[in-house]
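Below is one structure, written out as structure tokens; comments come after it.
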Amino acid sequence: MAELTLAAIDQAALQARAIRADCGAVIVFLGTTRDHHDGRRVLQLAYEAYESMALEALARLEREACERFEVSHCEVTHRLGEVPPTEASVVVVVSAAHRGAAYEASRWVMDELKARVPIWKRERFEDGNSQWVDGTPLR
Amino acid sequence: MAELTLAAIDQAALQARAIRADCGAVIVFLGTTRDHHDGRRVLQLAYEAYESMALEALARLEREACERFEVSHCEVTHRLGEVPPTEASVVVVVSAAHRGAAYEASRWVMDELKARVPIWKRERFEDGNSQWVDGTPLR
Amino acid sequence: MQGKVLFFAQMREQMGAASAAWDLPEGSRVRDLLASLEASHPGIGPLRPHLAVAMNGELVRADTMLAAGAELALLPPVSGG
Amino acid sequence: MQGKVLFFAQMREQMGAASAAWDLPEGSRVRDLLASLEASHPGIGPLRPHLAVAMNGELVRADTMLAAGAELALLPPVSGG
């Protein structure tokens, strides 16, 4: 089930729900915070969301992934608030009988998430400045 | 570092080594044991390997993945011996600055692994029979 | 006709608030709301062409009629992931 | 000229052993080893066209000359993953 969380993402729980006896492939995608952007050192990322609409959009991505690809299970959790470097801001877990569909669905979910979910990322730099990351028009 | 193991694969350790502050994307592929094959119930899979050559082949896949794709880290562990349903027989972890390269590298490693690593899978069925799974000529 | 409007990210910072009430004549459209906000906060001008607008959680166009009591949301380009 | 040969998967089961010693004249090739094994174990005939052969851990062709002391390995189609 799609989730937004202020705490660290519980990857183990996501993965436990995805592993099924009829599936041969599980793909876990973790989007992690990088410590540099355009040559500047990033101390922290922070995310905010229009939560009700973002949750609905994530749930729709999960459903569409199962309709468009031969996958049995798709679940997305996005973290909000401050995310320190190397921690995951988003985790997508997909399971399928065969790996080809699992790779395609996972990639599709991440591509769509970047354009269809009202979430915004702000970078805080070592020099004290911070800025909203250039985004994609919501569709 | 490529590894063959008789015990359950230590995914947490693999993943901890893959998460780096300069990488925005980590992809974990788990190949898990299915409980059916061609309509028959599979109780257990067992793997055997020509271990020295299989380890070298896995290590070569890791190196080639980093050369062919823009990925920072690639590590593969394959389990040997008996693997109960829903447990992972193989785990591939790839990290990269950008997710496109990570997806491509992970998929490439799994495709190549199926043809380039001397490992064999035997299925044991509910009816007591067992058989070697149809394979791919080693190249 | 009244309702609420939510601001996010850069839009929230430009407006200096996370939300506001709107009060516009019957028959007003989304673009009328945007124009009235820009009149009071000219700083949002550069952002305006890049905004998406949601009404009650669904994306709407600039010429969509406002509904009484609706929750609008002004959404700059998104950067989740 | 002597060496060792390893058998895996179906090949191991057909041979009834995981390995054997080989002893062939100087100048023998991989295909001579395969032929001598098939002579003593005709059951491997159907497998033979599908086997890959490694010598000291590297894949070799049927016409590769055997090296004294080499470890050969007979490798049925693989199914890792």
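Chains: A, B, C and D, in written order; residue numbering restarts at 1 for each.
Definition applied: contacts are C-beta pairs under 8 Å (C-beta built on N, C-alpha and C of every residue); 3 or more make two chains touch, one makes a residue touch a chain.
Please read these numbers as outputs of a predicted model, since none were measured by experiment.
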Most widely separated chain from subunit B, with each centre as the mean of CA atoms: C
Whole-Å separation of chain centres (CA-atom averages), subunit B against subunit D: 26
CA centroid of subunit B to CA centroid of subunit C, Å: 50
Whole-Å separation of chain centres (CA-atom averages), subunit A against subunit B: 24
Shared interface positions of subunit A, touching two or more other chains: 31, 110
Multi-partner residues of subunit C (at least 2 other chains): none
Pairwise chain contacts under the document criterion: A-B, A-C, B-D
Contact set on subunit B toward subunit A in their complex: 19-36, 85-86, 88, 97, 99-100, 103, 106-107, 110
Complex interface listing, subunit D residues touching subunit B: 6, 8-10, 50, 52, 54, 57, 59, 73, 75-81
Subunit D contact footprint on subunit B (complex, rising order): 31, 47-50, 52-54, 56, 78, 89-90, 110, 113-122, 132-139
